[in-house]
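The chains carry the letters A, B, C, D, E and F, assigned in the order they are written, with residues numbered from 1 in each.
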Amino acid sequence: MKSVPFAESGLPFLGADAALPEAEIALYGMPMDWTVSWRPGTRFGPRAIRAASPVLETFSPYQSAALDDWRIADCGDLDLPFGNASRSLQIIEAAVGELVDAGKRPVGIGGEHLAAVGAVRALAARYPDLRLLHWDAHADLRETYAGEPLSHACALRRMSEVVDPQRIYSMGVRSATDQEWRWAEGHLHFFPFELLRPLQAIQEELSGYPVYLTFDIDVIDPGFCPGTGTPEPGGVVPQEAFEALAALADLHWVGFDLVEAAPSLDATGATAALAAKLLREGVIALGRALSRRPAYDRKEE
Amino acid sequence: MKSVPFAESGLPFLGADAALPEAEIALYGMPMDWTVSWRPGTRFGPRAIRAASPVLETFSPYQSAALDDWRIADCGDLDLPFGNASRSLQIIEAAVGELVDAGKRPVGIGGEHLAAVGAVRALAARYPDLRLLHWDAHADLRETYAGEPLSHACALRRMSEVVDPQRIYSMGVRSATDQEWRWAEGHLHFFPFELLRPLQAIQEELSGYPVYLTFDIDVIDPGFCPGTGTPEPGGVVPQEAFEALAALADLHWVGFDLVEAAPSLDATGATAALAAKLLREGVIALGRALSRRPAYDRKEE
Amino acid sequence: MKSVPFAESGLPFLGADAALPEAEIALYGMPMDWTVSWRPGTRFGPRAIRAASPVLETFSPYQSAALDDWRIADCGDLDLPFGNASRSLQIIEAAVGELVDAGKRPVGIGGEHLAAVGAVRALAARYPDLRLLHWDAHADLRETYAGEPLSHACALRRMSEVVDPQRIYSMGVRSATDQEWRWAEGHLHFFPFELLRPLQAIQEELSGYPVYLTFDIDVIDPGFCPGTGTPEPGGVVPQEAFEALAALADLHWVGFDLVEAAPSLDATGATAALAAKLLREGVIALGRALSRRPAYDRKEE
Amino acid sequence: MKSVPFAESGLPFLGADAALPEAEIALYGMPMDWTVSWRPGTRFGPRAIRAASPVLETFSPYQSAALDDWRIADCGDLDLPFGNASRSLQIIEAAVGELVDAGKRPVGIGGEHLAAVGAVRALAARYPDLRLLHWDAHADLRETYAGEPLSHACALRRMSEVVDPQRIYSMGVRSATDQEWRWAEGHLHFFPFELLRPLQAIQEELSGYPVYLTFDIDVIDPGFCPGTGTPEPGGVVPQEAFEALAALADLHWVGFDLVEAAPSLDATGATAALAAKLLREGVIALGRALSRRPAYDRKEE
Amino acid sequence: MKSVPFAESGLPFLGADAALPEAEIALYGMPMDWTVSWRPGTRFGPRAIRAASPVLETFSPYQSAALDDWRIADCGDLDLPFGNASRSLQIIEAAVGELVDAGKRPVGIGGEHLAAVGAVRALAARYPDLRLLHWDAHADLRETYAGEPLSHACALRRMSEVVDPQRIYSMGVRSATDQEWRWAEGHLHFFPFELLRPLQAIQEELSGYPVYLTFDIDVIDPGFCPGTGTPEPGGVVPQEAFEALAALADLHWVGFDLVEAAPSLDATGATAALAAKLLREGVIALGRALSRRPAYDRKEE
Amino acid sequence: MKSVPFAESGLPFLGADAALPEAEIALYGMPMDWTVSWRPGTRFGPRAIRAASPVLETFSPYQSAALDDWRIADCGDLDLPFGNASRSLQIIEAAVGELVDAGKRPVGIGGEHLAAVGAVRALAARYPDLRLLHWDAHADLRETYAGEPLSHACALRRMSEVVDPQRIYSMGVRSATDQEWRWAEGHLHFFPFELLRPLQAIQEELSGYPVYLTFDIDVIDPGFCPGTGTPEPGGVVPQEAFEALAALADLHWVGFDLVEAAPSLDATGATAALAAKLLREGVIALGRALSRRPAYDRKEE
């Protein structure tokens, strides 16, 4: 695992005190915000979320389980070259690939949403029948933005180049251009405005397939989560996200990322605490999924 | 239109790129906060809302329409004399009157709520059967405040002097003195605490009449909208306001204002984004109302 | 009453303009935050809440009553020794005891939650059949924290040493260790996540008993109340707390405290306004309870 | 003294604990910011400065004296009508007149600089040979601003209508229009950029005359004092102001005001602490001047 | 001039109200921060500086001249592709080249320091004997940073590839690696820690040569200028920079840029006001240089 | 060394990457703020300073040396019991004693000033002829504060109980009660207002004696360092402190602490950067002192 350039990144996330070789679940940071179109700051997201995590307990009363129930490592932040999006994605893809190849469930902490494209590339290469869940306020489906294909406004479009759009389930979107909206309706499984009800509706359909979640925190309303670059009012409440994460424990869930938290944009600390709690709920649910289905059982399509 | 003293005011609001003579809808700023009784700062509201508006798309998935579907101008901010409330109201009344006379639907951006009195005076003079919708956390019905009749705490009372109280529909109020509350119950159509349900209840009653909305953003809960001078906890969520605005598209809606946003009191930017989105939804709904009923069809009373 | 060391503390709380000897209800501040385990700042809570209170009216449209309907005094802040938790609790217990002995309903403004242990000790000594309501995001049931029994993380555990756990009703908790959670389920009346429904369920059971409420403001979601030391996402909305407070007017309610507000952690002022409104609703409900049942009618057990 | 409408204003300033009838020096607040042309907020200056004052000691090592050496009262804030500049000035003039007539040395705490016009009017009416010191970053010499003669940008011009310009000594100015600069050079004693050296140069010339100081805190560099409405980089350091204040103890100094502090614009609290220290140094120097020359010895001109 | 992709950018800078074709001096924004190694945010610098500029007067008492004395245009911000440093520099170089070719003196507003490399390339191509002044807290002389040659930590090194190091005068530097420091001492004219004295020392040496200044605002101490990405304590005071800018009026000064202001990192607004004042002083001094030497008189070397 | 309870504390300080057994210099954090009398927050000082330190280079151009020139360890933060001052001091004393006994030069990062009493106790017990340098805005000489002897307002008084006052050199003080000031003048070597000149004056007198420095960062002016609990305007500039630290390299300097930095009170980050730079300069100077005089040469008195 030495080939991955993880940098020192401060305190590990709450409860993530396992050494990497022993770990079942591996957290890693993607401190990148160079392609964002509005307020930058997500590069400090991973550190701020780790620093805030001790405000929480390791025990989740929502899932009656605790982070201590699994062996979790925090690899620290990837060492990404400031301002070079292409090389950054290569580094992320390589690192996540190594983690998956070593049998770890990867959990990425962003950073901007484009970073998750690296993770999805690594997963898609290893799980040909991967289903991609996308939780986001924005469609992120532009072909290019300001002339650049590598932009956080194009994140899902780039992912749709390595995962067949028919295997993508986009939920919670409430902002898009007219063109993006129609593309989403025409190509994806598209469930705008909500997370929990559509997730319950497709639970069975996803059963047995490897599922990866890319979770843009701005799907939560800015009232609860102002520390993000492009706040979009009218989002879901945190409890809906906690429930939706817990529901993923029943699937063959192989990893996720939580991106676009920029706690430096929220002086009150509420965003960092929320991001940390979403990570805790996600990691515990991922652990529960893992305990239920330890071996990967590839389905033919 | 040259007689109106519009000042330079920075970037136009998202999508408001029409020249004024061609415009169907005209935005204008009222950068005024001299009579506020608690925290000032709304004078910078119009600029901050415009500056934040590019965080949004022009397309509204709530109404399946976009700002681009109408010709919208942003006149900039009115040049108001610091500290002189009386003269400020005259300037606003004159400017809004010119806009209406030129066939534009006026959309005011505050600024403190007293500013909207100038707009209502202009509208009331031109639409004798005007119905006034008032969305606000506060009753604003004091006869005077600290001895002054021109105070933002007296805004609706002043409006009730040019629009018969029986034609005023006040919604969402959750703060008042005992006297104000009783006056509201006795003189107005008074629907405290809520927006959407009472609006649906009176939809038919308003049908055919020209309707103007004065919208104090503090009707939204401070959790979603902390950047306002007199935060009053316990308000509605943004989604309720989005729906209520969209419902106005079915009426003969002739204009509105959005006041009391003071984004400088909210370091996170959530308030500016919310105010911009409320404006977008309002302008699109106003456009839809306009497309449905282009000519004014005055009803006899 | 001169023996109590109240310090000057700035403006009295809204409407609390009675002299102490004449007062039915007595507010007092507990400016203490020395044992907190995460972000300090609650020591400035009482002053900030008083300073923000003029943003409100004295009239509550929720309860159709006003602060002016009762004689309310604001004693100011207790003079507590920085860094000495044990002596601080003694001072609080003595002061609250004097207030109760003088026939006042005490209303404490925190400060950290440990401070409320002093108040509960005074109440428990005077009402042997006291029922204790606990509204909080956190269980606060640790035996010790960092080796210290006097910690804000142990507040309810310390209270359970002077009030039989079977007489404690804990509501709204959504954070605890596994051990705390099981202890709560095994020893207390434990109603996690919610306030209003469980309160209605036990209303009859509490009837006739003296009831004291210790209200940690972090039971409200950090989206509405970011100014608190240990924000825990996923809480109740303010309206639920307003309703729950109003429901207490039907009980034999003998006093309460509102703790853990740290408005300096929330630059927007939303937290101070919310804390002030919760106090107003609580004091009015307490007044209503008082008007209904002026004399204490002790029940045999 | 009962005729003056002082409102409750929170904690008195550090060491100002005398009752007004016994006091030699009387502090009063002017919570007014309605005519400011840029960022408002100074209305909360008096309260914030009082609230910050306990961070200081009453003893000044610069002057080897303490606030306790004189009898000082804090009258609280004047009750000024929001948005009505003309009436506000009348109230200030009347209140300061009463204080002077009762033999108190008045010390005003702003609020915007226009408020000081009321104080200067009261002083000028009682001391016909008054010398006016003006410390400010801005000339404040406009005839009108945005058409209004009562603007904080016209403060010194308004003062020059009741004090002969030849008796005005303006120091520290570093911002003006070309016209203001020439007017200042042609009519006033004008010493731009500095405080201490010009003050020493005119010390003898001022000897024996009653001197009043109007001190706009923005003469200090925004690096030390960011909490002011119109920051102007390149100002003096605090020590220069401390020394200049101490030097006034050698004159027949009859009162002063400190205006334009807006601590709400400075989240760090540095501005409030600086304003409080400037007040302390000023009040002690005023006390020293008073001890030296208790009776007013009017000079013929 | 139409080929340059200037975007709408809000209010023009104070006094920059000439149309571009008539202008002698042309301001333009470089809203770029994609390669910064620490806190991003300078992309919003140009807009924030323009928005703050009305706090100033157009008249400079330091130079007894005003912005109105020259014809100044504000082109707005260049439309730069988020996250693509190479293409951004090409756009800047092209735009500045067009401005110079049209006979305008270019004044760039950053944005990160790397952006200035584009401007210097354009100038160096047009003035073969160009002298480059560099005012900065940091040496910016790394060959690469995190493997990238296009980084704001390499700005001066990149400039030294188009301007002979022997023609570069670096002043005020107080932070560097050991290697950078030795390189600077060995290759450049290197005057660490100070601006004014070294500038006066080389005034004669520069006489007659075209001079361009690249001014990183972090050369000013963070006490006066906290709103910058990489604050380095121990810098110069603003007055030293005002004087140094004024001294450039005596040279054949052909343009400058002011970079690395990130007002969003400074909630007080002091940084925006300082940056605006530095720009005003620089533009006036540039105008004075221009008035003195209208035609370019190339010297043989 | 295992007996000392160091907790995880995030990233090590810049350049402090040696393992403790090999280190010559050992940094440790004292995250304590329970006895402060005004704004708390210094408990997060050590982490914030470490987190900010990468903004600096390891090389000091002031001393022509770099952190890399010595072996430096960062032990992390001590695990201190919230709210228990007495036990906290014991833990600090024991830890510092172990470090000194193991031959390390200790460098403490506060935390409140009282914490340094633990360090001074450990040093005084090991160096009977210790000279104590005290740099501070406040005298800290109260016998008790609010009845408590263990208060940050009593820090130097407590130190004077283990180091003879005649061996204490207090510099830079500009705030004290009358009593404290006289006590300082009567008992200590007392040099108010300044650091560098008095230090140069006593340089010879200190020669040969072991010297420990306790450095309260509030001796720097709040303009440069607003992030501290009790800001006291009128302090020294950072450059004076850099020079004074460098001058200590010529003494037999055995360790120091830097206390009272509370970066959470300074949203701009300037305070954290300044504290980190002061630490860098101090550690390099300490290293230089160490290289010059490796063995302790005790002088008889």
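Going forward, contacts are C-beta pairs under 8 Å (C-beta built on N, C-alpha and C of every residue); 3 or more make two chains touch, one makes a residue touch a chain.
The shown structure was predicted, so the numbers you read here are calculated from the model rather than taken from an experiment.
Under the contact definition, chain D and chain E share the contacting chains B, F. Matching the C-alpha atoms of chain B with those of chain C calls for a turn of 120 degrees, to the nearest 5. Taking E-F and A-F together, the chain pair joined by more C-beta contacts is E-F. Rounded to whole angstrom, the centroid-to-centroid distance between chain B and chain F, based on C-alpha atoms, equals 57 Å.
Averaged C-alpha coordinates put the centre of chain A at 39 Å from the centre of chain C. A straight line joining the Cα centres of chain B and chain E is 43 Å long. Contacts with at least two other chains are made by residues 39, 221, 223-224, 267-268 of chain E.
Per the contact rule defined earlier, chains pair up in contact as A-B, A-C, A-E, A-F, B-C, B-D, B-E, C-D, C-F, D-E, D-F, E-F. Residues 33-37, 39-41, 43-44, 79-85, 87, 145-148, 150-151, 264 of chain F are the ones touching chain C in the complex. Against chain F, in their complex, chain A makes its touches with residues 8-12, 47, 51, 267. Residue ranges of chain A in contact with chain C, taken from their complex: 54-59, 61, 66, 221, 223-225, 238-239, 242, 267-270, 273-274, 277. Across the complex, chain F meets chain D through its residues 38-39, 173-178, 181, 192-193, 221-224, 226-227, 230-234, 265-268.
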